[in-house]
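Each in C-alpha cells, the structures are laid out below.
In the two complexes below, subunit A is the common chain; its partner is subunit B in one and subunit C in the other.
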Partner chain A sequence: MSRAPILSLAVKSLMNRRLTVGLTLFALAVSMMLVLGVEKVRGEAKLSFANTISGADLIVGARSGSIQLLLYSVFRIGNATNNISWKSYQQIAARPGVAWTVPMSLGDSHRGFRVLGTTGDFFWHYRHGRKRNLKFSGGKPFNDLFDAVVGSDVAKALGYNVGDAVVVAHGLGREGFKTHSDKPFKVSGVLAKTGTPVDRTVFVSLEAIEAIHVDWQSGSPIPGMSIGADKVRQMKFTPKAITAVLVGTKSRFGAFGLQRSINEFPAEPLLAILPGVALQELWDLMGTAELALSVISVFVIAAGLLGMVTMLLAGLNERRRELAILRSVGAQPRHLFALLAAEAGTLSVAAAGAALALLYGVFLIAQPILDAEFGLFIEITSPSRHDLTVLGMMIVAGTLAGFLPAWRACRQALADGLIVRT
Partner chain B sequence: MPPSVVQLSDVKFRWRPENPLTLDVPGFELTAGECLFVYGPSGSGKTTLLNLVAGVANPEHGEVRVLDQSLAQLPTAHRDAFRSDHIGLIFQMFNLVPYLSVVENILLPCRFSARRRDRAVANDGSLDAGASRLLGDLELDFAGLGSRTVSELSVGQQQRVAAARALIGAPELIIADEPTSSLDADVQQAFLDLLFNEVKRTGAALLFVSHDRRLEPRFTRSVSLTDINNAVTPSPGPQLSP
Partner chain C sequence: MENLVRTALAGLVVTGSLLAVSPVSAAEKHAHGEGELKLAIEGNKVVIELTAPGSDIVGFEHKPSLDADRKAVAAAAAMLKDGGALFAFPDKAGCKMQEADVHSEMLHDDKHKHGDGDHAEFEVHYSFSCATPSALTHVDVRYFKAFPRAHELEVQMITQKGQGAAELTASSSRLTF
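This part shows the complex of A and B:
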C-alpha cells in the first residue's frame, strides 16, 4: 500500500478531532511563529546594526578604545575623552589616499537629542543599510550659520517643521538651564527615517558650534559679554578642535594603510577604526543576548511540540479500537506507525503554514510600531531561505516527535490483538 | 473431501508468559464452503482462537494453517498482508472507523490488499459498485447511507456495514466474533440470513463464534470450544450477556 492512503486516513482522523487538534495546531503555530519572528527580528536588527554607517571607510578620533570611539561618534553614546586638533584634521584630509572627510563636533544637546556640528558633506557621504543615502523628507541641508537639520525622530518628538526655531543647550543636560538662547537656530531641513542614530540627531554646521560658544568660556557665558546673532554672522569661524572624522578612501585597500599611519600619528595620539569591524565587535559583545534568544527559541518550539505529542499520546487510548480495526483489515504495524507519524507531520505542516500567516499578520501590525519605537524597520518580504529552513527544521522536528506516539501505537496494537475490551 | 481452509494442530497459546495456557487445541479444522459455529462460555478463549486464525497472535507451540499456508512461516508483515488478502473479520460491536464514511469503511480492506481490490473490481466493475451492491444485498440504501458518517447508523446498520467490509473482494474466509450479540432477536435472524446468502454466493468458509447456542441450528456444523480445548480455563462463573 502506498503512503498516500495513509496520509488521507491521517487527515480524516485529524479532522474528526477538530477541537483538540485545532487547539494543538494553534499552540504549535504560535510557537513556530514566535521562533520565526524572533529569528526575523534578530536578522533585521543585526543587518540594520551592521550597516549603521556603511559609507565611511574609517572613523578617526582621539585615542581610546575602538568601541568607545564607535559609540560616541556613531551612536552618540558617551563622550570623547579628547578632541582632534583642527591642524591634525587638515593633515589627515590632505593625505594622498583620502577621497573625502567629514569632520564631526559633538558636545551640545537639544532637548535630549545630541547636536552634531558637521559640514554639508555629511548628508552626502553618510550611508546606512544597503548603501542608502540620507533623504530629506522636507527642506534642505543647512545654508545659513544658524540653520539646523533635524533627524526624523527629533522632528516627530518635538513636532518640528521646516522653519521652526531651535535653541541649543550647552552640554548634554536635558533641561539645559544654560542655553544658547541668544542664538536661536532655524530648522532648514528634516531627514527621512533611517533606523540609525541619525534619526535622533540635530545637525548644525561646524562653524555654528564655534559661533554659539564664541562668548563662552569653560562651559559658562562670559559675564557681560554677549554677542548677538547678527554680529556673530559677520565673524569668521575656524574650529580649533573637532571630536571625530569620517574618512572615505580612494580604495578599500588604502584604508588599511591609512588606518595604520593615523594610529601612529606623530602630532597627537589618534585612533582610526574600520567601522564595519568595530560594529561587528560591538555586536559580538551582545552575542550572549543573541545566544539567549536562540535558546529561548528552542524552548518555545519544544513546548509547542510537547503539546502536540501529548495530544497524540492522550488520543491513543481512545483510539485503541480504531487501531485494532485497522489491524483487522490488514494494516501492518508500520502502517499504524506511518498513520501516527503522518498525523504529526500533517499537523506540523499545517502549523507551519498557519505560523507564516500569523507572522505576516503580526508584522503588518507591528511594523509601524517597531519602526516608530525602536527605529527597527522590518522589511516585509516573502519568506527568506533562512525562514524556510527554520520552518523545514521545525516540520522535521514535529514529524520526528510524532515517532513517539507512533511507536506507542504499534506496541499497543500488537498487545491488544483483534478485540479491544473497555 | 473439500480443501482445508483452517487447520490447527497441537496449538498452545498464552497471552503472557506468566499466565496459564488460554488455548491448548490438539486439532481443529474448517473446510471450504463450511459454516462452522464455535461456542463456549465467556472467557473460554473464543476470541483468542480467532486471533490465532487471523494471525494477529502466534501460538507458542503447534501450527496454524490457513488456506494451506502455515502462518508461523510468514514474516509478520506478510502475515498482515495475508490477512487482508484472504480473511474478512466482523466483530461484536464498534467495527467501524469513526472518521470514515460508510463506503470508506467498506472499502478499507481494499486499501491494504491489492488482491481484494482487484477481485472487487472484477466482480462488480468498480469499488463503488462493489460497495453499493453489498449494501444493497444487506438491505442498506447506498445512496442514502454511503457518504454518511458511521456514527449516524443504528447498531444493526453498523453490523451490516461491517459484514459488507468483511465480504468485499470475496475473501476465502469470513471470521465473525459474536456479530449478532448486540442485535435484537429479529434483527439477528435477518442479519444471519444476509450473511449466509453472501457467504454462499462467494463460496467462502465461515467461522462464527458465539456463546449464544440458540443460533447453532442454522450452521452446517458446530463445535464446543471447551471440548476441543484442553487448557484449564478459569471457571466460567455466571453467564454474562456481553
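This part shows the complex of A and C:
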C-alpha cells in the first residue's frame, strides 16, 4: 500500500461517517475560527484603542503624569491637577511648528456625562481609528453660545434629539446639585458612534463654559445676581484658563522637538505627551487582559482537538470490523496507523479551511454591527502570515492528536484478528 | 468595548497617581542602562534621535581627563556617528544616511563649564533618506551590539501608522513599524 491510497481510503472512510465526522469537523472549525477571531478582534481592539485619538500629535496639560493627562483629557476620567493659562495656550498656538490647536476645558457635567468646552475645530481635527473623522448622525456643530453637541451614548442614554434643551450642572455631581438652569443649552448636533470617549461627552463652546459661570464665584452662584441668557449672549468671553490642548504639528519630525520645548515651557509647568505613545503604555498596563484572551484561545483549541480525538477514539470501536478487513487484505499495523493519522490530518486541514470560511462569513456579517454598536471597526483583510502560522500549527497539532487513536487502532487490530467480539 | 475599557481605566485612576511616577518630563530622566530612541517617518525621510547616558556608551559619565578616557569618548562618538551600521533598514527600502550629529558634554574640553556634572549624556541626531519608503517595515537596531553596556531603549515613534511606543533590548532589537 502506498501513501496515496491510504489518504483516499481515509477520505472515503470519513465520508462514510459523514454525520459524526461533519459535526466534529464543525466543532474543530469553530474552535479554530474562535482562535483566529479572538486574535483578530484583539489586534483591532488594540489598534482602535491606540488610535482613540489619532488626529492630534500632542496633548498638552498641566505638568503631572503622562497617563494622568491622557486619562482626563481623552477618557475624561479623573481630574486635572491644574489649568493652563490662556496666555500660555496662545503662546503654544503661535509656535512655528504648530499647524493647529484645539483648546479643551473640562470640569462641568451633565447628568453623569462630562461636558467639554472646546472650539468647533474639535469636530474637524479629532480623528479616531484609522484616521476617521467625527460624523454627525444629526444636526451640526455648535453655532450659538448656548448650543451643545452630544455624543452618541449621551443621546441614547438621555433620549436627546436635535433641538432638545440641556441643563449643565456645575462640577462633576449628578443633576440636582448646583445647576446652571438659568442658561439652558439646545442640542444642535448628535455625533455618530465612535467607540471612543467622545460618545460619552457633551460638547459646548469654550465661551459657553465661561458664560455659564459669569454670575458665579468660587463655585457658587452669587446671591442676588443673575444674568439672563440673552444678556449673556451679548457679552464677550475670553477664557482665563483651559484644561488641555490638542496640538497638530506641521510635520511628524516637529512633534518631538515641540514636545521637548513645551516640557521646558518657562511660564508654567506644562506637560506635552504623544497620545499614541501614552495610549500604548496604558494598553500595556492592561496586558493581563490581553494575556487572558490568549489563554482562552489556547483552551478553546484544546477543547476542539479533544473533541476530535474523542470522536476518532469512539469511532474505533464501531470500526473494528473495517480495520480487521483491512488487516485481512494485507494492511500492516503501520498502515492502520497511517490511515488513522491521515484521517486526523484530513479533518484538521478541512477544519482549517472551514474555519477561514466561517471567520470571513462572521466578519462580513458582524462588521457593520460591531461598527455601529461598539465603534469597533474590523478591517477585513486576507489572512495574515500570523493567521496562517496559527492555522498551520493547529493542523500539525490536530494530526499529532490523531496519533493517539492511530496507536490504539494498531494495538486493537493486532489483538482482534478477524473475529468480531461483541 | 468602550465600556469595558472605561471600567478598566476607572480602576487605573486609583493607581493613576501612583502611575504618574515623578512629575518630571522625559527629557530630565536619566537612568543607567536605559536610553531613549525617538523615530519619525514622513515621506521618504526617517529621522532618529538617540539619547543615551554616558555610562551606556563609554562606561563613565565624567568629563574625560585622562588620555585613555578621551580616546574612548572619541571612539564611541565615531561609532555613534555611523548610523548606517547602527540602524539596519530593510534592503528593499534603499535607505541611506544623510547626516548624523553627535552631541555630548563629554566631547567638549571645557574646563570652566560643568553642566550636568557627573551625568553626561550622548545625544545623536540621524536622518536617513529612503528610495522606497513603502518597504520600511522595520529597522534592526544594532546599538546593543555596538554598546554592550546598554540594556534598554525606550522607543517613541511616529510613522504612517500613527504614534507608538516600544522597548528594545539586546534580545529583541527589531523595531517594527
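One rule holds in what follows: the second predicted complex is superposed on the first by the 316 of 422 C-alpha atoms of A that agree within 3 Å, B and C clash if a C-alpha of one lies under 4 Å from a C-alpha of the other, contacts with A are read in each partner's own complex, and residues count from 1 in each chain.
By definition in this document, a residue touches a chain if its C-beta (ideal position, glycine included) is under 8 Å from a C-beta of that chain, and two chains touch if they have at least 3 such contacts.
Keep in mind the model is a prediction, meaning the values are calculated, not measured.
> May I ask you to decide whether A:F49 touches subunit B, subunit C, both, or neither, giving the answer as first, second, both or neither?
second
> First (subunit B), second (subunit C), both or neither: which does A:L23 touch?
A:L23 sits against neither subunit B nor subunit C.
> If you stack the two complexes on chain A, which partner ends up touching A:M286: first (subunit B), second (subunit C), both, or neither?
Touch status of A:M286: second partner only.
> Have a look at where A:S328 lands relative to subunit B and subunit C in the superposition and call it first, second, both or neither.
In the superposed model, A:S328 contacts subunit B only, not subunit C.
> Answer with first, second, both or neither: which of subunit B and subunit C does A:S13 touch in the superposed model?
first
> Could you figure out whether subunit B or subunit C reaches more residues of subunit A?
Greater contact footprint in residues on subunit A: C.
> Quick check on the superposed pair: does A:G65 touch subunit B, subunit C, both, or neither? Answer first, second, both or neither.
Touch status of A:G65: second partner only.
> Name, in rising order, each residue of subunit C that touches subunit A in their complex.
1-2, 5-6, 8-10, 12-13, 16-17, 19-21, 23, 25-27, 38, 40-42, 45, 47, 49, 156, 158, 162-165
> For a test of understanding, state which residues of subunit A touch subunit C in their complex under the given definition.
Residue positions touching the partner: 45, 48-51, 54, 57, 63-65, 67-68, 71, 75, 77-78, 195-197, 199-200, 251-253, 255-256, 260, 263-264, 269, 271, 274-277, 279-282, 284-286, 289, 374-376.
> Sort out for me which residues of subunit A touch subunit B in the complex.
Residues 1, 5, 9, 12-13, 15-16, 321-322, 325-335, 417-419.
> Residues of subunit B touching subunit A in their complex?
Residues 47-48, 50-51, 54, 56-57, 76-77, 80-81, 83-85, 89, 91-92, 94-100, 104, 108-109, 111-113, 165, 177.
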